[in-house]
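In this document, chain identifiers A, B, C, D and E correspond to the written order of the chains, with residue numbering beginning at 1 in each.
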Amino acid sequence: MVPLSYYLVLSAILFACGVAGFLIKRNIITIFLSIELMLNGVNLTFVAFAAQLKSLDGHIFVFFVMVVAAAEAAVGLAIIIAVFRTRETLNVDRVNLLKL
Amino acid sequence: MIPAVDYIRILPEVVLSVFGILIMIVEPLLPEQGPKKPLGVIAIIGSLAGLAATVYQTGSYGSAFYNTISVDTFSVFFHFVVLLIALVVILTSFEYLEVQNIRSGEYYGLILFGTVGMMLMSSAVELVLIFIALEISSISTYILAGMRRRAAESAESSLKYFLLGSFATAFFLYGVALVFGATGTTNVYGIASYLQGQPSTLAYLAVGLMFVGLGFKVASAPFHVWTPDVYEGSPAPVVALMSTGPKAAAFAVLLRVLFATGAPGWFWMVWVSAVLSMTLGNIGALVQQNVKRLLAYSSIAHAGYLLVAFAAAKQVGISAAIFYAASYAAMNVGAFAVVSHFASSGERYVTLDDYAGLGRRSPLLAAILTVFLLSLIGIPVTGGFFAKFYVFSAALQSNLIGLTIIGVINSAIAAYYYLRVIIFMYMRDERVDAPVARIPAGLGIGLAISLIATIYLGVLPGRVLDYAVQSAQALVK
Amino acid sequence: MHLWIIPVLPLAGAAINGLLGRRFPKALVNAVALGSTGASFAMALWVATQFAGLPPDQIPHIERYTTWLSAGPFSAEYGIYLDQLSVVMMLVVTGVGFVIHVYSVGYMEHEGGYYRYFSYLNIFMFFMLTLVLANNYLLMFVGWEGVGLASYLLIGFWFLKKSAADAGKKAFITNRVGDFGFLIALFLLIKHFGTLQYENLWKLVSLHPVESAGAGLLTAIGLLMLVGATGKSAQIPLYVWLPDAMEGPTPVSALIHAATMVTAGVYMVARSSPIFNRAPDAMLAVAIIGTLTAIFAASIGIVQTDIKKVLAYSTISQLGYMFMACGVADYVGGIFHLVTHAFFKGLLFLAAGSVIHGLGGEQDMRYMGGLRRYQPYTFWCMTAATFAIAGLPPFAGFFSKDRILWSAWSSGAPVLWVIGLITAGMTSFYMFRLWFLTFFGEYRGPNPATGGHGQDTDAQHAGRTGAIHDAQDAHATGGSHGHGAPHESPWVMVIPLIVLAFLSLTGGWIGIPHSLNGGDRFGHFLDPVFQAAAVQTPAAEAAVPPAEAPAEHEDASTELVFTAVSVAVAALGLLLAWWMYYKRPEIPERMARAAGRLYTFVLDKYRVDELYGAVIIQPLIALSSNVFWKGIDRGLIDGAVDGGAAGARETSDAMRQMQSGNIRSYAGWVAVGATAVIAFMVWRGLR
Amino acid sequence: MLALVLFFIFALLCVGGAINLLVQKHPINSALSLIVVMGSLALLYLLLGAEFVAAVQVIVYAGAVMVLFVFVIMLLNAGEEERLAHGSRVATMLGVPALIIGLGIAAALVSHLTGLDRIAIGGPTVMHGSDVFGNPQAVGHLLFRNYLLPFEVTSVLILVAIMGAVVLARREE
Amino acid sequence: MRFINDNILSIVVFLPLVGAILLAFFPRRDRDIRYFALAVSLITLLASLHLPWYFVRGDAGFQFDEDAPWIAHPNIHYHLGIDGISMWLVILTTFLMPLCVLISWKSIHERVKEFFILMLVLETAMIGVFVALDLFLFYFFWEATLIPMALIIGMFGHGRKIYAAVKFFLYTMIASVFMLAAILWLYARTGSFDFVTLQSAIQNGQVAGFGSAALWLFLGFFIAFAVKVPLFPVHTWLPDAHVEAPTAGSVLLAGVLLKMGTYGLLRFNLGLFPEQARRNAPWIIALAIIGIIYGALVAMIQPNIKRLVAYTSVSHLGFVVLGTFSFTQLGVDGAVYQMLNHGVSTGALFMLLGIIYDRRHTYDITEYAGLATPMPIYATFFAFIMLSSVGLPLLNGFVGEFLVLSGAFQAKQLYGILAATGVIWSACYLLWMYQRVFFGEVTNPANRSLRDLDGREKVSLWPTAIAAFVMGIAPMLWLHSIDPAVSAALRQFSAGTQVTATATGRAIRPESPHYPLEAGARAPAEVTGR
């Protein structure tokens, strides 16, 4: 039997790692991965709460999150490709034409 | 089984989706090199049909699909706003697409689908649906932002918008998750019933996180940083859309999340965010040379004014916010429409220097832009004036004197940079090398609509305001 | 009696000439100008006869026409107040004014802006008449300012000449300083009596006790009025404008700066006698100012070489006499001297003008002399005037001046009398000096044969002729004067001289004192005005001797003695002048050299102008331009404003650094915001 | 007891994967470590009785989506990420606040959820077949009744996504 | 007739706007445009003359009242009305407008259409400010004057026109937002923007929390108006705006816009917050007096004629503020009258400066000398107007100054004395300037052959000259209607200063000979009292 808070803390840590990844990674794709990591953290929270509340809404939500994540992945990667085409780089720090 | 009336309650969305699909079917049938006008026409018809559907909808208020959406004056109001925005944007895009050669099919399709998302955002009362609708509108705008595929700026702005957007979405989602945990439901009114009495710490935290997500969408400080870059890089008509449509929708969501659920403890959060947005937005705009960027900063500031109305909370505050959203949409779409026309191919002419002497080269265009700018300043006989006026009077009615003072001073400072544009247009020696094409029909109609809207809201705001008041009541029923 | 016609006639003349005159031929301009003034003179005479017929209880005769302005409780109206005093003034103004108009026809014949000149002159007549006929102080103030304007315009008539323009400006502004005092006096009256109408005011003032105890409301009012008077009547300290005012055409000097306008101050004091009678301190101040001015100006007049300057200072000094008289409550004497002075000083100026005219613009006495051969009529008229001003019997000046000296003595302030006497001596000295220098000895001017000029004459001409040429519709012959021998002036100029000469001879006879077995008809005529004003309470007796005092019989013998003394003094002056400037002409130079510094100091009019310049004007300009404008306006306020704007722009620039363009940093900001929000919400939640 | 052990195993796997994602230089490694995270999450889902979700997690997420990632990484043959001087100092500094967020949330939960600590979840119930509340049948039932509209709306979302992918990724002719 | 009386104000306000809209559709034939604009302004003038014609003199209340609900909530009414004070300001506006059109006939030769459209729009806004009785409506028009004026300066000005325009705009804008805040506060507490309603509500103490906020509200309004007047420390926008503005702009700016400030002070600061007004009067009066002297001194040493005249405005408007805050019948009457005078004389002065600018394109005094020789008629007009602005009796300036000063003197002798030095200063700066510009030899060859006034210019100058004269000799034509309105405005101050306070209540009988005695009958008591 596992205390709910353990799950929540775990998901929090995952989310935090995602945020950290977004901030410190330079490769666009890796950054995108960190976002996925954040989403996973959220999902865990949903599922944990669902288990606690014995309500399936959480599961449904996770399902939709996954769908959205998939869609985002498609679009996002397309965008990354487009950027790569114009800039020939995947380093975020080089993608700063627009500033100030 | 699901009653028929439920379908009426999603009729506008359905209609728009149908037209969107229609466009995608028609596009390949058109000759490769031939004019893509028909698609635009379909899109226009689509949005008009959507308007008609919305009108039809007003007959049958109520919730549908197991309380996932609720059609009330509030949502209908935003339906109208969003649809009109879409209509004007489509009209504006007519020439633009050809000038920039952007693929019309996807463009119009995405606008229509995005609009569907926005409309759903305003009518959804189930966080799942809100989330998905949000994503629809966001993703379609991400793509639209990147549609000037030859321009590195366009791609970059698209990337920035996308990455940061999903980043913020994650926060929003986390908030939702915690709400779910705290209340056991994701239905707005369900949540409301749970949040009676002493809400748990979890609820506070959840509200905070959702505010982060939505604050990003409405570009309120400190979640505004993306705005200038994205607006600068994206195609002007798309900016017209994304600076008004998703924003209005996101504000609608924010209204629902904060007020319909009776969420706790957001006041100071909103207060600070409002002050920051107004100040940072206006200060930042003071020295901008690029008109799109300038308007981006101004839109941040306007988000701030809107949040002032939020802080005012009461009925008056909500209705003021709603009215503000409407009039802001009217004037901003108009302004960007002018910008997009003047930018011409490759968006070459977007700096203030390019606007020098516009008053001589194209008096009409300049005059129209002037009206929109004056409205953004908040000069009488324009919607912007009344909008600000209501917002601040609402704030004062709930005794937010400090916030009001900060607000009015900000609006006075803001006058400077809008005035700068006017000055360049009328008081600087003209630049001959920035030609102005004659105003095409589509753009003309689009401008006319937003111009009329702006003036109408400025002279006879009575009816719209009453409607806003009703919406506010409907929201917190 | 429709008195309003009297002032309005000249106004009409002015309007016609001013608006249409530039297209008129000279004759028509003359007709309009002279016609209007002549008519108003005639009307004045008729009114005087009518007035004589009025029963005492209908005096003063008041005509009120309509309200001029009214605010709340206060109101002022257009109205005319006719009593003996204003009748006298009216007659003097219209009469002398008319004569001088006639003279001007000749004098200005060759000048440009002919119509302009006459319309100005008429405007002056209008305002002067308003001043003397007004039935309330506000209307008087209208005239008061108006004559100031007229004199500004006329002094600056040759506006191409910088000195002339400067003089005009100086006159106007100096007068303004005086008017400031007058205004404050009016405000005090309004505040405490609520009205400026003479008849109401006198009633209210009469309720008022005499302020023998020292300063009080009336004293304040009186002193402030005195300030006004010193401005208009060129008394210390505001006399400085009058000498410069000689830049104007000579007839103007005669009319405005000798006969009429400058006496407005005297008239005002006399008119306000009810107030002054109750403010002994104020009266004392009047007397002192007058006396000091008299001797001060006379001392300057002794050394001046410009004929008009001499006359100017003598005017100041004579006005001093009038103030002295008023100061010792002998208003009749003051007015009497005003009248006679109008005659002989007007004449002096006109005569001087005719001399100048005859010499083609020469004003420096050192280049005159022996003119009695060239200008016999002028000479004889001048003679009459000189004797009159010197106070030698039986000329007009004798009676008035003598009366003033006597009342000065009997007012119980002998020092006034002493100073007055000395001044009388000086007066006769410098007047005869002028007389001898101008008409006796040899002609020292440029030799007709060579047609050459002295240095200053050149300067003089440069100014004048230049003026004449450039003034619009300039007259070709303008510059042609000054060449050729001195000549007598045309009849149109000579006749006025003769008229005035006659008046300066006989003018005094209307006021022969009882001591000389005269009837003092003038005194009797005016007394009612001041009787009414005089204070009945015993307390006041001490302060103000009744105007009758000089005429009381036991004093008659003493009075005779004093008369003799003053005549003697005058004669002394005559002799001295004869000895110095006729018998031994070289003496003055030696004396001047002996006096050295002192002489130049006096010659430079005690450097008062320079003093004012250094103490008031320069500092003021420096202050305004360096401190106020450059310092506060530009530096402080605008600096703050522009600085604020710049500051905002810099803030903006600094803030843009937030927009590094780097996605990660943006995410960073979002994260910061989120952190803040989370921290805040957790804290809220735990509370 | 067993549940607790399992939880800790997979939890550590998750965290380890996440940390690894951060520290790895090459994106491909990061991607793989993310797959590890997802896999172990799937097991945790099972532990919580969310069979359907667990399945979808493995099939859709760890499967399809991540494959897409790996594919793109290969396509663009992204190399080691290089660190630039002009990179965002702010962001690197803010890596820390990110953790603060995490700790903040954690603290909040722990402080608040003292009650929830006692609520034990998951456990042996997992193993019994069909009556588990998270089985596909139950989910499906809910999904196609109460959440019909969102489900239908996702079609629009996916349509948009497809269009986007097409319009953006297609090579300019 | 009835119909006209009920709608005359709306007609007067919106005629110019209609004209402007029509003008927008005109072909760009400058000549027609000019004539049309002239016609519109003349018609407006005629229409506005209806007001004094049918104005009921004795009645101190608002007349030609129009009140229609505009917006339900917030409860905004379209409420117009005039009293003796605002009526004349309206007339002043409509009177100056045709002259402005005439004076810019030639000097504006490009973008003529825009220019006249802006002018007409501006006219509507200005008139609106004076007739609005609903605070919202007032603010509405108030803000509406801003843009046209700024554009007129910026588009048709010269030199640092943009700096001037921006400075003008921001100064006024920033100041007026404080007024907005105050208005909103009042609305939040009373639910009404109506001036009359608010006034009575405040008087009867029905406004919750008014006591604590009163000062701030007062200041809110005051700042907005003080900048517009402009009062001493915040006057620096005026010289710049004037120097760079085109002639017509300057005329309207000095003639009307500044009056909006003083009018606001009188109507709102005194009308709504009498208590605060009295409490704050001392320092405000101090500022006014500083303005009078300071403005005059700074004007005196200006090398630029137009800047000089601009500073004289600071000085003259100081008189107005002084009179207003003396709270005495004379003072306020004078203040109102002085507004009109200043409008006429300074307006005329700016027209004259414009005329010379058209010929020589410089305002630098050193460029000019001896202009009286080539341009005698011009010089005469200039002298006349100058004298009226110096305050020569029988010309308009005197009446105003005299009333203001004596009013101030009643309030506090020191005020009167200090301010009265103004009569000296005004003589100094104007005469000095006149002498430098017009007298002496023509030194600058460029001035030798200057044209004198032509017919159009004469036509545009004569009305002002005549007005100056008539206002000087027959002020009662105006005071008859001003006086009751003022006494009504001052009724709240009846506890105030001595002589007038008792008099304000009483209906005035100007031609009654004895009542000055009544006023005076109290004199001895006071004398002993002081």
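Note that contacts are C-beta pairs under 8 Å (C-beta built on N, C-alpha and C of every residue); 3 or more make two chains touch, one makes a residue touch a chain.
Fair warning: this is a prediction, and the values are worked out from it, not measured in the lab.
Q: Would you identify the chain whose C-alpha centroid lies closest to the centroid of all protein C-alpha atoms displayed?
A: Minimum centroid-to-centroid distance belongs to E.
Q: Farthest chain from chain E, going by the mean of C-alpha atoms per chain?
A: D
Q: By mean C-alpha coordinates, which chain is most distant from chain C?
A: Result for the farthest chain: D.
Q: Per the definition at the top, count C-beta pairs in contact and tell me whether A-C or B-E has more.
A: Between the two chain pairs, B-E has more contacting C-beta pairs.
Q: Using mean CA coordinates as chain centres, what's the chain A-chain B distance in Å?
A: It comes to 26 Å between the two C-alpha centres.
Q: Go ahead and note the Å separation of the Cα centroids belonging to chain B and chain C.
A: 79
Q: Centroid of chain B to centroid of chain D, CA atoms only: how many Å?
A: Measuring from centre to centre gives 31 Å for this pair.
Q: Whole-Å distance, chain C centre to chain D centre, using C-alpha means?
A: A distance of 104 Å separates the two centres.
Q: Can you list every residue of chain A that touches 2 or more other chains, as numbers and ranges?
A: Residue numbers touching two or more other chains: 8, 15, 18-19, 22-24, 26, 31-32, 48, 50, 52, 57, 60, 64, 68, 71-72, 75, 79-80, 82, 85, 93, 95-99.
Q: Can you list every residue of chain C that touches 2 or more other chains, as numbers and ranges?
A: 656, 659-665, 667-669, 671-672, 674, 678, 682, 685-686
Q: Mind pulling the residue numbers of chain B that touch at least two other chains?
A: Residues 128, 132, 135, 139, 142-143, 146, 149, 158-160, 163, 167, 200-202, 205, 228-229, 413.
Q: Taking the complex as given, what residues does chain A use to touch chain C?
A: It is residues 19, 22-24, 26, 31, 92-93, 95-100 of chain A that touch chain C.
Q: Please give the residue numbers of chain E that touch chain C in the complex, ascending.
A: Residues in contact with chain C: 167, 170-171, 233-236, 239, 294, 297-298, 300-302, 328-330, 333-334, 370, 372-373, 376, 387, 392-394, 398-399, 402-403, 405-407, 409-410, 413, 416-417, 420-421, 423-424, 427-428, 431-432, 435, 438-442, 473-476, 479, 483, 486-487, 499-500, 502-504, 506, 508, 510-511, 513-524, 526-527, 530.
Q: Name, in rising order, each residue of chain B that touches chain D in their complex.
A: 2, 10, 17, 20-21, 24, 64-66, 68-69, 103, 106, 109-110, 113-114, 116-117, 120, 126, 128-129, 132-133, 135-136, 139-140, 142-143, 146-147, 149-150, 158, 200-202, 205
Q: Under the definition above, what is the set of chain B residues touching chain E in their complex?
A: Result: residues 359-360, 363, 374, 379-381, 385, 389-390, 392-393, 396-397, 401, 404-405, 408-409, 411-413, 415-416, 419, 422-423, 426-428, 460-462, 465-466, 469 of chain B touch chain E.
Q: So in the complex, the part of chain C that touches chain B is made up of which residues?
A: Contacts found on chain C: 648-649, 651-653, 655-656, 658-659, 661, 663, 665-667, 669-670, 672-674, 676-678, 680-682, 684-686.
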